[in-house]
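There are structures below to look over.
You will see chain A twice below: alongside chain B first, and alongside chain C after that.
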Partner chain A sequence: MGNEEKKPKINLAIYWGAACGGCCVSVLDVHESLFDVVAAADLVFWPIALDIKYKDVEAMPDGFIDVTLFNGAVRNSENEYMAKLLRKKTKILVAYGSCSHMGGIPGLANFSDKESLLQRVFDDTESTENPKKIRPQTEYEVKEGVLDLPEFYNDVKTLDQVVNVDYYLPGCPPQTERLVEVFMAIVTGAELPPPGSVVGALVKSQCDECERKKSDNKKINKFYRPWEIEDDGETCFLEQGVICLGPATRGGCGVRCIKGNAPCRGCYGPPPDVIDPGAKMMSAIATMIDSDDPEEIAAIVEQIDDPAGLFYRFSLPSSILRRTIK
Partner chain B sequence: MSFQPTIVSFLCNWCSYTGADLAGTSRMKYASNIRIIRVMCSGRIEPTFVLKAFREGADGVLICGCHPGDCHYHEGNYKCLRRFHLLQKYIKQMGMDEDRLQLKWISASEGKQFAELADSFTEEIRNLGPCKVKEVMETLT
Partner chain C sequence: MEETRIGLYVCWCGTNIAKMVDVENVAKEMESMPNVVVSKDYKYMCSDPGQDLIIKDIKEHNLNRVVVSACSPRIHELTFRKALENAGLNPYMFEMANIREHDSWVHTDREEATRKAKTLIAGALNRVRWHESLEKRTVDMNPATLIIGGGIAGISAALEIADSGKKVYLIEKSDKLGGHLLNVDLTYPYMYSAQEMIKPKIDRIENNPDIDIFLNTQIEDLTGYVGNFQTKISQDGAEKELKFGSIIVATGLRAFNPDSIKDYDYANFPNVITSVEFEAMLKSGKILTKEGKEPKNISIIHCVGSRNHDYHEYCSRTCCMTALKYSNQIRSALPDSHIYHAYADMRAFGKGCEELYTKTSGKDVIFLMYDQKNDLPKIKKASVKDKCEMLIELNEKLSGESVEVAADMVILMVAMESNDNAKTLGQTVGVSLCGNEFYIEKHPKLDPVATTTDGVYVVGSCQSPKDIPDSVSQARAAAARILAKINYGTVEVEVTTAVVNEELCCGCQTCVCVCPYTAISYDEEKNVSVVNEVLCKGCGTCGSACPTGAIKCRHYTDQQILSQIEGLLSKSLELQEV
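Let's look at the complex of A and B:
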């Protein structure tokens, strides 16, 4: 290394906030393309793979990192601190994956609040015995000094609700092929879209890519959960009465779920100009109900057990209402 | 002074807005809490509009369209009806009182009914008290 062609390498960082780790694994899924990645970039920070501490990041000059892929939502003070720190140290900050893009699965915690979550975990669970009602403290004194823990927030936030984000790369996790394309565009100096764009995805919806048979006039008399009906493998899920979030979801994943005979769950987020994918999906699904009778309509709607959880599975913190109110 | 709710009302151009206009030209008095937004059809009212109204501080949202069978575009009001049921269920899950959102049919000749509806809906929302969505939103930013 080093003596060959001297093309300046870029500095790449990957960090996780409130995330499951799947996004980091999706980066590892580049497989042998990893050689292309490390040929073009130095990984300067990546907690899942490299032993580089926060203090090392703090010591970097501002703007030292060329690209940071930030996955995970902002759930506690540590996530927020790191989001702000990395923003300062990074030229191009990418919200990588559904959680940093829209809140993702951790964002479903916005159906609850801090107090009730802590109560469930530290008091109510069947396996918990906590007579002293001990709760996590942000600071705790021991004889060696003061120990500290990040503060757990009441709300889950998306990355762009905390710092300015340059690009969004959606998906749960993003398709690795898309990541490689975007990464290569950055390192080869290709012209990048305007800041704030969603990259690594299409502008049209899932339905545009989906190969299932679709008719123009969808009618639904009864909604089925996926396990309640035998999918014929070729007709549009919606026409079979199974709720598929394809119409309100951006394409680009290669319709992987649908090809695997599972309806789309919406991880790629809304198509351009849609602010609230759940509302858009409610709008679409409701019009398909095959009835003009108020009572019958109400009964069919009643078959959707959990509209909020279903239509906002990945997008609650970025939706219009953002969280439940009491 | 008692609580003055802010109410956003989406009225369809062909029936309900004309009905509200009739109430006005007939010089009927009704609660001034209602802020009317005219749309071409109740079928044009997307859930996004309603949610945004709540987020911006509406205490109640009243949607009015043509009576069933009377839609200028044949079935826009049915589409609205279906969305309305789903939306009510959703806002209830989000911790709001579902009655903050209502759908009523008002024809072009029902000026009096519109004025009465405006009064009764305002009263109902006044009894429910302020909607907390905007307040919660402000704590988040």
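Let's look at the complex of A and C:
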């Protein structure tokens, strides 16, 4: 308790937008380090763990929260409201995890639009029975008064498409060790990188840390999904015809997927100079196809299942692929 | 960072642009774009006064970027870069918006074309702000030259270069020098003996200490760049390495095989022969049928494999005159014979050629015109009563009548086509093929011997079918180009090269094998790729292959290109809304 008197505690908030909950769990994964965290910070808002209401946040003075870890994308009006509110109340706003960083898995919905999504869910799915064609509405009057629901948006947005973001801590979810490092840097008053930086990740991409054998022999005649091939456990996935997004993805996770014999899916996002990692990776893959014959090339490319979902799994809303804004 | 100050110049190109684009309105409106300090329109930006306008403004308004919207950068980018240089600005601080080929020439609605000009300029303005200064680099020129092919073209070039005391490596795949000319008897139109022309040249080559001849030799591979090439050659299985600064490709062509034309039945009629076989017959001194008899009726069929979409669309250029030459030689050897030409058009351009046609026409030679595109003659076996071996049936175009011609010998004037290894060799030396599989020159009119690979020249019939004077002219032109470069001593190399940011490169090696110039290697110790900037031609392949964004292609960075697209699209959107 002596520590507490020496150094004032910081106010920490953790919030989720359109998220799966994994990011919040990754915070819990600090295990015994939680004691260090709580020793250094007061958790002033964390819906998954603490019963603090929105109105409590609204009541906080501006800049009251020192650090907010915002995970999840911005998918509806509630997410947007909270992003703006927390921005106002927070000194250092961190986009925590792939969804707030790049749009993440929920961002794949941007390949579709609001109407077709609602139609699928409320009309078409095999298990739907909705003869009255009821759709969610933002307001509904009942005898007790008006009930309201957040408005579902046409686009999934990244956090920085809605508010200014100070730092990005990538990953799906971010590696807990990286979170602790960043957190401790903040609370100990270490010099922080310039605003807008990606923290808790490396500059070089995955291959730099990956221990698999790599050569310049990246010639692909056939693409395999991981289950279709017996991985030799030591050769670069790409050289075995398995698409690995490692080269277009920042290191920092400790090449965990690859060490587990699964190709990198790209959750740590692009290295510093890459604007659109999906495009970069497709462009790279295109050069690896081992044929000069247009028909054969087309046939080889056909073997890639769901290329949009594969190359833009985590990065669609942040990519340069956008639907026309009407 | 210094403030971006852009000068924008909108060219009228006389009426070329001005008639379809409201250039004055464009210049006026674009003046309000961010960072544009001056915006002017002028009749001819490429003229001296046009360039002076830019130079004056750069000095007066302290400009550090220039955009000229005019014709294609292929035509005048260098002109304007030079102007920037003259004004003391780095030449790469320049961008061109093509509002002629991409706009005024291809549109018919003035309003839309004007809008498009603004959009293209907005893209250029957005791009130029990201331009960086690039410095020119030069390397020493190796004064030796490699010549591939020992025919008349290769021989002429070799002598021209060696006569000025420079080293030549002359490579020939067969066992002797001379090429197709070795099999030719007399040459049209003046009936000079081919052997008397070629033999003394071969003697001179063999005795010239500056020419190293490699017979029975193939090129295995080629690396390097203008001024500093090297190759591995294999001569009778033995390998050797050569270093040189320039390359002349003079690999010639081959004769078309007429087997595929069914109506001529070349495979089965013993006395249907090709022009190549007839030339050999002339050279041996006796015109005889396979049975050893003097033929009484000789027919010459033109355009065999040429000018027909089933075979080759192009004209093989030399066959008409060679056929006339045959008539004269046959008439001398067999004064009583009947000579028929089944021809399509008589192509007698060139010095002395029309005269040869006139002269031949007066020698009791019959010309029958046929439709080479749709209605080829047919060769049939004659019956006993015809008193000849074969009959040629054709629809004579001028008279409109079907005629039958007796023939004891038929000469097929076969097309000239590219060698079967043209593609492989082209890939090795970095020269592309045209649609007819001949090598492509850099510019069909203004640069007919150079290629898009600096330091590599194509001469003679490997570039397109040609006669001897044209082949010799090309060979000597290429030699002159090379000697000029050798004389200068150094060559400028590409500055818009690729560069690896070692801080970002993760060593995935995706780039290594995509480089067509073998300019990229992998440094195992540092775990990064390395670009040899002297070998790099700035093609950009590695930049688009690099998944980490570590490779930057100078002057074509992602940021420059995306900014251009952004400028273009936002202007387009803005103008639509108006």
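Assume the second predicted complex is superposed on the first by the 315 of 326 C-alpha atoms of A that agree within 3 Å, B and C clash if a C-alpha of one lies under 4 Å from a C-alpha of the other, contacts with A are read in each partner's own complex, and residues count from 1 in each chain.
Methods note: a residue touches a chain if its C-beta (ideal position, glycine included) is under 8 Å from a C-beta of that chain, and two chains touch if they have at least 3 such contacts.
Only a predicted model underlies this, so the values are computations on that prediction, with no experimental measurement involved.
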So, after the overlay on chain A, do chain B and chain C clash or fit? They clash
If you stack the two complexes on chain A, which partner ends up touching A:Asp216: first (chain B), second (chain C), both, or neither? second
By the touch definition at the top of the document, which applies to A:Ser283: first (chain B), second (chain C), both, or neither?
both
- Message: Is A:Ile320 touching anything from chain B or chain C once the two structures are fitted on A? First, second, both or neither.
- Response: both
Examine A:Pro247 and indicate which partner it touches, taking first as chain B and second as chain C; both and neither are also allowed.
-> second
### First (chain B), second (chain C), both or neither touched by A:Pro270
second
### Which of chain B and chain C A:Lys204 touches, first, second, both or neither
second
- Message: Just to be sure I read the superposition right, which of the two partners does A:Asp155 touch: chain B = first, chain C = second, or both, or neither?
- Response: first
Message = By the touch definition at the top of the document, which applies to A:Ala298: first (chain B), second (chain C), both, or neither?
response = first
Chain A contact set shared between chain B and chain C covers 275, 280, 283, 286-287, 320
Residue set of chain A touching chain B in the complex reads 111, 155, 157, 161, 275-276, 278-280, 282-283, 285-287, 289, 291-292, 294, 297-298, 301-302, 304, 306-309, 311, 319-326
Touching chain A in the complex, chain B uses residues 46-48, 51-52, 54-55, 68, 75, 78-79, 81-83, 85-87, 89-91, 93-96, 132-133, 136-137, 140-141
Seen from chain C, its contact residues with chain A in the complex are 501, 503-510, 512-514, 522, 527, 541, 544-550, 552, 558, 562
So, in the complex, the side of chain A touching chain C is made of residues 203-208, 214-219, 236, 238, 246-248, 251, 270-275, 277, 280-281, 283-284, 286-288, 320
